[in-house]
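To keep things simple, chains are lettered A, B, C and D as they appear, and every chain counts its residues starting from 1.
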Amino acid sequence: MKKLINDPANVIADALHGLAAAHPELRVDFENRVIVRGDAPVRGKVGLVSGGGSGHEPLHGGFVGPGMLDAACAGEVFTSPVPDQMVAATQAVDGGAGVLHIVKNYTGDIMNFELAAEMVAADSGTEVATVVIDDDVAVQDSLYTAGRRGVGATVLVEKIAGAAAEEGRPLAEVAEVAGKVNAYARSMGLALTSCTVPAAGRPTFDLPDDQMEVGIGIHGEPGRRRVPVAPANEIAEMLVSPILTDLDFTGGDGVICFVNGMGATPLIELYVMFHEVNQLLAKNGIPVARSLVGPYITSLDMAGCSVTLLKADDELLRLWDAPVNTPALRRGV
Amino acid sequence: MEVSDLTAWVQEFARLVALERDELTALDSAIGDGDHGFNMDRGLSAAVAALEASPPESPSALFKTVGMTMISKVGGASGPLYGTAFLRMAASAGSPVDAAGFAQVLHAALEGVVARGKASVGDKTMVDALTPAVEAFDAALASGGDPFQAAADAAEKGREATIPLVARKGRASYLGERSAGHPDPGATSVTLLMRAAATTLGNAG
Amino acid sequence: MKKLINDPANVIADALHGLAAAHPELRVDFENRVIVRGDAPVRGKVGLVSGGGSGHEPLHGGFVGPGMLDAACAGEVFTSPVPDQMVAATQAVDGGAGVLHIVKNYTGDIMNFELAAEMVAADSGTEVATVVIDDDVAVQDSLYTAGRRGVGATVLVEKIAGAAAEEGRPLAEVAEVAGKVNAYARSMGLALTSCTVPAAGRPTFDLPDDQMEVGIGIHGEPGRRRVPVAPANEIAEMLVSPILTDLDFTGGDGVICFVNGMGATPLIELYVMFHEVNQLLAKNGIPVARSLVGPYITSLDMAGCSVTLLKADDELLRLWDAPVNTPALRRGV
Amino acid sequence: MEVSDLTAWVQEFARLVALERDELTALDSAIGDGDHGFNMDRGLSAAVAALEASPPESPSALFKTVGMTMISKVGGASGPLYGTAFLRMAASAGSPVDAAGFAQVLHAALEGVVARGKASVGDKTMVDALTPAVEAFDAALASGGDPFQAAADAAEKGREATIPLVARKGRASYLGERSAGHPDPGATSVTLLMRAAATTLGNAG
């Protein structure tokens, strides 16, 4: 295992110290592993709390700041944080208007946030609403299963719900906007290589030099199928077509197109992918209204990418364009 | 069973999990995200330390400490599931716990896991090992065998039965058909829990 | 070779199309492979032109925009652009106040920019000044050699000189600021893995699983020495101490500390590294005034990092903090 | 030598470079950045195409087309160096070129490379192959041997002499002591240039 780390047991703690030093505008509660917006709680504003296993950086800690999250909880690598962290985060950002929990749809995340909400309710009475993100079309949705994973849409939800909260809208409305983004977003991912969890010290799965995994999540899980490596235009097809099959993206005000790197894929390749995705969308009569290209929700040192499309309307585009000032996403401020 | 017997049970469970940590993680790598061994080991080490730091006065206090520790140290799916199980055990445990009382405690654990995780038998989760264990304990209790050994054997059988299954709950469900052919990691850790009970409580029971 | 690309021969062209689509605020001259600020030429402002081999993304194209570069030329992977490109870029951004060429110190880059300046002089008479960046302490400086390489300081020069140009300062002053940044900046890099040039299809060098290269540049060149892999704190020491030996960083207004990822190293590891570098600097009595952590000047899919320190004063800090609005660096706008 | 002979020389140079492309790149990978073969091949293919598209009328026009094409298609260090060399050759070439004229052309090429790159013999660059080639050409011309073959042999010897050197110019200089033990890629491409001259002009000369 080749990584720029010390003891694998201390990766999260060390990285949090680095984040805190690089971003004095944020507050880091090292004991609870919670990253908080420097001026939290913001009076009268709905607080946005997210979190999940670490290893997806910049998600979620890199999205804390005005216009996006109020706090993020960092779990162990690929392991949901514990309720204590979520309770601390919720209390730290409660400005009197309630708190929205943005939860990716993983059994662990769901249950831990659920426990946290129960604890907050019993404790302080802060009003908590929850939105669950489940945008991954690689997973078949069904009432009888854990359902779809939450992946790329999380970034879009955090940005857009963050903007809605910044406008002073009430908890129910912010939750509704978040739910709308999730309802209109779909994602699909692909791995060229496995990632290596520091504590494990070896790749999670073995992938021969001529194979790739299609339909992966963000936790180094194997994908839905293994296929021979292919050029970018074929990969774009593999990612975009299940998305377009799942939801009709025509007829809106265009899409927000998000091409995400899994951690070890350089930007130049993501731009190549974005070009291919763009061409496919044009062919399908789907205009790209906005775009985001870069490693925003990663899987440690996995090489690969994911595509997320969000069917947008005027409201979502306006909120997408609103100012945001976080370590990983910044504009208009 | 006194609190000391039950403490020994938890310690033995922790020991077995530490021993099998990499194996549990390997199982989770195949169909999950490769952390189940670390998760359980982290939680149980903390639980054992907490029990040492302030030894509980009653079985109920013991289970509560373990449950709270699992919830606040593990995260992931197994933290809330094992945590809820132990908290429910705390709520249902008398002092001392006799065999019939232990049956009740096991039922409470299973109900906790199901309430929290909403899985049914056949979903390829820890429920697939815990359910037959609880049933076998009841049956052996009624028929006069060693209920602890019966429960451990049944858990192991339940675990094996998860191998061909396509997962419907937890991370393994994302794999669809590819989840078949591997035992469930959580069902595997449950067999360690029941094996620990058989060796520490089976004679004391 | 596992890459998200089509034909290796088209990587640059494809990526430029992706960049253009993702950033409609920029203009891309596909024929000349020049990325230009949308509103160029800006009347009365010194134009900033840089460029170099591709494979270092987001450098340079990702730094085009208000407050930073006016244009960037994209060469073949790891190969200096040709003079025609630099001439086209210079003409596109000439707002009447002259143009600064920001050139990394590589024989090829130097000679091609030199030829371009000669061609511009013969052609349009645009006033051109040149600053050469040579901050890499891994290379021994000497009058008898090609001298030091230009690496991480390039990002800082582009930002700070860009801010000076935005203030309306004349060419000589902008060039002087750029030169000052270069004079007070030092860098050192390390590779955990080799990169793979698309056209070559295999790693540039073989690096066993337990070895790393210390003192690498940004072109997949082997480093100065090969050592066993080490934990982050020892790596920080290997990178920081030659920098501190080379220049006295105490006694200023602190440093701008830039921990850069080489392309395949995830952010979480860069934060771990930054934490270690920070601690080392504190131990040496060097306050960190500002910081930058992320993959900004990369080497394709190489895993590794570099550290750049810039000894800052009030002027440099003010220019560093000035608004900038580019794809890869944005603040205050 | 007529323009057609000199065109054949450039074509043969391009053919040899295409043949040795991966070898040149491998040499550059060892002590540079692994693109010398691609760079030279890209430039020379373009030059050959340009010569075909509009065949030059004079040796001078021929060299100018090659020089301009190298400058505008290659980039890196070799683009301006070979480009400047050919442009200087254009400036010094009469029409037709006799052997003495060719000696002048070679001197001009060397001067161009040195003016542009400021390298001296022993810096481990293409100058280490070009300098002895020029000298050997002069000497053979004076003593009555085949100057083209002499130049090719001398270039090859010069190239071999770069192997033990520690580079002082170009990318290889960044490696310090580690640059020793490998031949210089640019010196290697110069040997192809001179070998092409020997086979295409040596008999025609």
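Structure notes:
Note that in this section a contact is a pair of C-beta atoms (placed from the backbone, for glycine too) under 8 Å apart; a residue touches a chain by one contact, two chains touch by 3 or more.
In this text the structure is predicted, and so the values were computed from the model without any measurement.
Any chain touching chain A that also touches chain D appears here: C. Among the remaining chains, the Cα-based centre furthest from that of chain A is the centre of D. Separating the CA-averaged centres of chain A and chain C is a span of 29 Å. Centre-to-centre separation between chain B and chain D, using Cα means, comes to 76 Å.
If each chain is reduced to the centroid of its CA atoms, chain B and chain C end up 55 Å from each other. Rounded to whole angstrom, the centroid-to-centroid distance between chain A and chain B, based on C-alpha atoms, equals 32 Å. Counting partner chains per residue, chain C shows two or more touched chains at no residue at all.
Residue positions of chain B touching 2 or more other chains: there are none.
Arrangement of the chains shown, judged by which pairs touch: a linear chain-to-chain path with two open ends.
Applying the touch definition to every pair of chains gives A-B, A-C, C-D. Partner chain C is touched in their complex by these residues of chain A: 2-7, 11, 14-19, 21-22, 54-55, 57-58, 62, 192-193, 209, 212, 229, 231-233, 235, 263-276, 278, 288, 291-293, 295, 298, 300-301, 303-305, 330-333. For chain A in complex with chain B, the touching residues are 53, 75-84, 106-108, 111-112, 114-115, 136, 138-140, 144-146, 149, 197, 199-200, 204-205, 217, 219-222, 224. Within the complex formed with chain A, the residues of chain B that make contact are 25, 29, 31-35, 38-39, 42, 71-81, 83, 116-117, 168-171, 173-176, 178.
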